[in-house]
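In what follows, subunit A forms one complex with subunit B and a second complex with subunit C.
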Partner chain A sequence: MTQLILYNLFNGLIIGAFYALMALGLSLILNLSGVINFAHGGFLAIGGYLAYTLMPHIGFWGALALAPVLTAALGLMVERILIRRLYGRDPLYSLLLTFGLAFMFEDGTRYLWGPATVPFAIPDWLSTPLSSDFFFLTGYRMFMVVLAFVAVLALFLLLNRTRLGIRIRAGTLDLETVSVLGVNVRILRNLNFGLGIYLAGLAGVLAAGMLGLQPTIGSALIMPSFVAIIIGGLGSLPGTLMGGLLIGAASGVVTVFFPSASEAVIYVMMGLVLLVRPRGLLGEEGRF
Partner chain B sequence: MTRLPKHSTSMVVWLLLLTLPFWMSAIGGYTALGSRVVVLALAAMSLNFLLGFTGVLSFGHAAYFGLGVYGVGLTLKYLLPNTLVGIAVGVLAGTIAAAVVGALIVRLRGVYFAMVTIAFGQVFYFIAYRWNTVTGGDDGLSGWRRVPIELGVTRLDILGNDKAFYYLVLFCFAGAVTAMAGLLASPFGRTLLAIRENERRARFLGIPVDQHIWLSWVTSCMFVSLAGALYALLNNFADPHDLRWDQSGDFVIMAVLGGMRAFWGPLIGAAIFVVLQDYVSSQTENWMSFIGLFFILVVLFFPRGVLGILRRKSAS
Partner chain C sequence: MANGVFSRNIGRRTVIKGAVAAGVVQFASPFIHTARAADIVKIGLNDPLTGTYAELGKNEQIGCELAVEQINAKGGILGRKVELLVEDSTSADTGTAVQKGRKLIERDNVDFLLGNVNSAMAIALGQVSNELKRLHIVTGGHTDSVTGSDCHWNVFRVCNTTRMETNSVAKTLFTKYGKRWYFITPDYAFGHTLQQGFEASLKAFGGTEVGADLSPLGATDYSSYLIKAQAANPDVIIFLHAGQDMINALKQAVQFGLDKRFHIAGAQQELEVLNALSPNARIGTWVFEWYWKQPNVPHVAEFVAEIKKRTGGKVPTARHWFGYASTWTCALIANQEKSLDAVKLAKALEGFKLPPEVALMPNEPFYRAGDHQLMPSLYVGHAVESGSEPEDLFHVDEVVKGTDVALPVSETGCHMVAPS
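This part shows the complex of A and B:
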């Protein structure tokens, strides 16, 4: 029983890491540009499928390195052509536009790669269990945990230590002042969007190896990411990270006792947080 | 300045709707398609009560629509074969859920409000999706159908006669729409417009803004669950996708496409959207791409909607 709980807790934490990676990207874009990117799940799926297509040619590691970058490039393009026009307008319009994009991405991946789950091969040495007692501790799972951790660490270093990151953070507080100080806000928002999409692409490659790759993989992950942001608190990236891990773990543990409620539990948690603390766990007062 | 329905426009709309079953087939449609337009128009107009006239963006109305759907389906299947009772249960379920959720989210604003409404909408989707034994899960709830209504002296055969069902739908639509128009013309409705235009000023004037938004939300959700109830009767089927987030997006695009600042806007938007969807999905398997592209084009080129553009033209 303990083992079962541990297994599901661990599983939940990994899923939570996906939620967190995705929600961090969503948060970056939302904080700086005020856009809820509904198409984030679509970008995630594209990241996974690109890796799937690239893998026979450049191997797993090459695909893992390249696919998120290509996804991010697509994101930069989409921002330039479409999203940029909607800054400063009613959030209604960016919601609708990214909503349409999400439809097109899901249908597009279905058209290009087919509706069925495609096999996503991970290196053999990664898929063997590390211990016979804890059969669920496969190398790939440990690897995902480590990689997600590194990605999050790199993100926070980028935001706190580099000029770009500091500008992004300054922009979330007061974009106008940042612009007056001579920063090109158009480029800043573009790069920020690309950074968010990169995280989605990375999560896509990792999730493909664990959950199996199908066109709806993105829409299955995006709603919990919203919940992660709301629980963690809008405007707070550490909050988003915490929210993602928290709901992942909670839904993992609930799976043991009451499998059919594993999805609903995170929404109950969100309701509780909104009831007790409407700004979210680490959210700033009065920001939204 | 928001224009409430002028008599001439309203006369034309009502005349067209009343005679719809008689000209629908002449232009290549069928009566059930007309019923679909009217039902979804009711949903979009209900959403617009909140979106266009209170200025609050909900992206989760499908949940309350879907509660209406399942309220009818479950009542007719398990409880008792009475269409009117089914509708009442559906509307009640949607309204109560909206009242509870509304109390949690009424203090949030803008993009945050939209996000929370989306997320909360998913709870009901997962309940319908996961509770197989009762709701039929992903396959939906079938094995029931609408029941003819006994009116004492006569019997309204809404099951066998498409036209009779259309007029039942239109009757409900008329009641709901008249009620919404009345509310918007009342001091309450004017207060909602004031909140939309300048919430801070409304607050300084002593208007209890949160209460008004909550009332507007519950009203809007009540009518949308009525639309859901009628939708279930139309299909004789309850589909879990009726309460998923994509359905919410459809309602919003209908309102925007027709014009959210015009009372009849969502009706026009719903008509265009339903006919387009009906046509595209009969032509290609990749209809999702076309609908997605349609969303993008509307946002980029018709953000004011059909009626918004017409009105601007007539003003200049």
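This part shows the complex of A and C:
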């Protein structure tokens, strides 16, 4: 029994790392631009499908490298053409816009690639378990965790060590002052949006290797990401990371005792956090 | 620059409201155009075109469309042209399905109602069609009670009951693969009744149920369930999912290497699912309700060719056949009785045999009188990595007669109440 709980706890952390990857992209965009990006799941699906299309030509690794970049390019365009116009307005406007985009992306992928789930094969050596006792540690899942950690590490380095990152963080705290100091806020927001969408694209390619790739893959994964942000606390990237790991682990452990509640538990956690500590675990007081 | 550019009065409440709205996205659906005319016989199809079951619903629709085209080419129903009206029921929101079912009958005034893929929706729509006295053929919702405790005088069903599916494969699993079974079951009517069916068989054979877990409908991650299942060390792990859930579960089971240590099996399996899996994940023992490769059965090849024209070369699945057979049933019975009166047609359908060009399977399928369940053939076999053709992904080991695996009418719980 203890072994079963430990297995599921560890396994839950693996899944949690994946949720966190997706939630971090959402969180980045939310923090700097105040846009709740509902289309994040749509971008995720597009990332997966682009990889699926590219794979026969440049292989899995090429697709993994290129598809998120292309997704980010699409993100930059969407920000430039549509989302930018709504920054000054009530957040409801951008919310409605991205809400509509989510539908368009889902039906767009359905139109381009069809409603049927497509097989997305990963390299054989990645899809086998590393040991027969810890069979849930497949090469692919370990790779996902490593990649998620590398991405998170790179993101934190970028935010703390580079000029762009420092400006993004400063903008998150006080965009007006940053602008007065001569930083081009439009470009800053544009790049930041692209960075968030890059993470969505990356999560999309990884998800396609683990789940069936179909147009609704994004909408199935976006809810846990929102929950991760709310639990972790709005405005805090470490909080988002923690939120993701926490819901993954909780969902895994609950499966041992009460399997049909494995999904409901994350919403219960969200409810509890909102009741006891509304700003979330690491959210700043009063900011939101 | 205007000060407003920086106003970021977005709050936690907005984010939470937004998150609620994000959940709603999954249930919203596109509006589908419908037409009306007095001298036309209308058949209404209420099926999921978005969400988890979108592909299954769409395939049923293609089958219906082919049937309608053929019926019109042969003179229509009672000499009148036939038109198919389609409504998207969504995959999970029964309220929407019911509302659209009412719309089809009350506003569009359809003469026949077809649908639904989702069992819960099939039951709910059965109540609607019964209240509004329309002949209703359930295309692809499998839970037992549709032709059991929830049966109605006006409701018939083409696809099998879950009990027929489990009965047809249970014996093979028990004798060939072992007597200790573990169930992973989707948490809704379809999964529950499949599990009950297998449990009844297992008890009769004297086997052991070493564990059973319910997974939420639409779950993406099955790893925690698989960890639990392997810890119980069963002979057979039984997956009772459908559609995307089945794809996700099997994909993860194979990545974990569980197929090398346990026998993987289940009841209903569909070509849509096997097509979506990479070759190494096409594993397990299953039941197909119809299969496109039946060299000795008349008219199957023509049907396959016709469907391929409409799908860009993809072969028909059981879903295409469900839509096709349901639509043809309406036309055949109305033309035989020279009437559109639901009461009269329902009476005539009791015991009605599908002709070979619609049946497309051995053993003369017919609608059983007591519970209105079609008694077709079932195809027990195993998934194969690749067959003689790209879409030949299932090997039929045995064709089972529906009458041999269905519960007798007296045990279905169906008490048919005559129309008032």
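Heads up, the rule we're going with is that the second predicted complex is superposed on the first by the 277 of 288 C-alpha atoms of A that agree within 3 Å, B and C clash if a C-alpha of one lies under 4 Å from a C-alpha of the other, contacts with A are read in each partner's own complex, and residues count from 1 in each chain.
Here, a residue touches a chain if its C-beta (ideal position, glycine included) is under 8 Å from a C-beta of that chain, and two chains touch if they have at least 3 such contacts.
Everything numeric in this text was worked out from a predicted model, so none of it was measured.
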Subunit C versus subunit B on the shared subunit A, clash or fit after superposition: clash
Contacts of A:95 with subunit B and subunit C, given as first, second, both or neither: both
First (subunit B), second (subunit C), both or neither touched by A:176: second
Touched partner set for A:252, first subunit B, second subunit C, both or neither: second
Partner chain(s) touched by A:108 [first = subunit B, second = subunit C, both, neither]: first
If touched residues of subunit A are counted for subunit B and for subunit C, the larger one: C
Which of subunit B and subunit C A:229 touches, first, second, both or neither: both
Partner chain(s) touched by A:2 [first = subunit B, second = subunit C, both, neither]: neither
Which of subunit B and subunit C A:86 touches, first, second, both or neither: first
Contacts of A:271 with subunit B and subunit C, given as first, second, both or neither: first
Steric overlap of subunit B with subunit C in the superposed model, located at which of 9-17, 207-215, 243-251 or 297-305: 243-251
Those residues of subunit A which subunit B touches in one complex and subunit C touches in the other: 30, 34, 36, 89-92, 95, 99, 102-103, 107, 223, 226-227, 229-230, 234, 260, 263-264, 274, 278, 288
Footprint of subunit A on subunit C - complex, ascending: 1-12, 14-16, 18-19, 21-23, 25-26, 28, 30, 51-52, 54-55, 58, 187, 213-216, 218-221, 223-228, 230-231, 244, 247-248, 251-252, 254-258, 272-273, 275-280
Parts of subunit A lying in touch with subunit C, wherever the complex brings them together: 3-4, 7-8, 11-12, 14-15, 30, 34, 36, 38, 87-92, 95, 99, 102-103, 107, 110, 115-121, 127-129, 132, 135-136, 138, 140-141, 175-176, 179, 185, 210-212, 214, 216, 219-223, 226-227, 229-230, 234, 251-252, 255-256, 259-260, 262-264, 274, 278-279, 288
Partner subunit B, residues of subunit A touching it in the complex: 30, 34, 36, 82, 85-86, 89-93, 95-97, 99-104, 106-108, 111, 223, 226-227, 229-230, 234, 260-261, 263-264, 267-268, 270-271, 274-275, 278, 288
Residue ranges of subunit B in contact with subunit A within the complex: 51, 57, 59, 104-105, 107-112, 114-116, 118-120, 122-123, 126-127, 130-131, 245-246, 249, 252-253, 256, 286, 288-289, 291-296, 298-300, 303
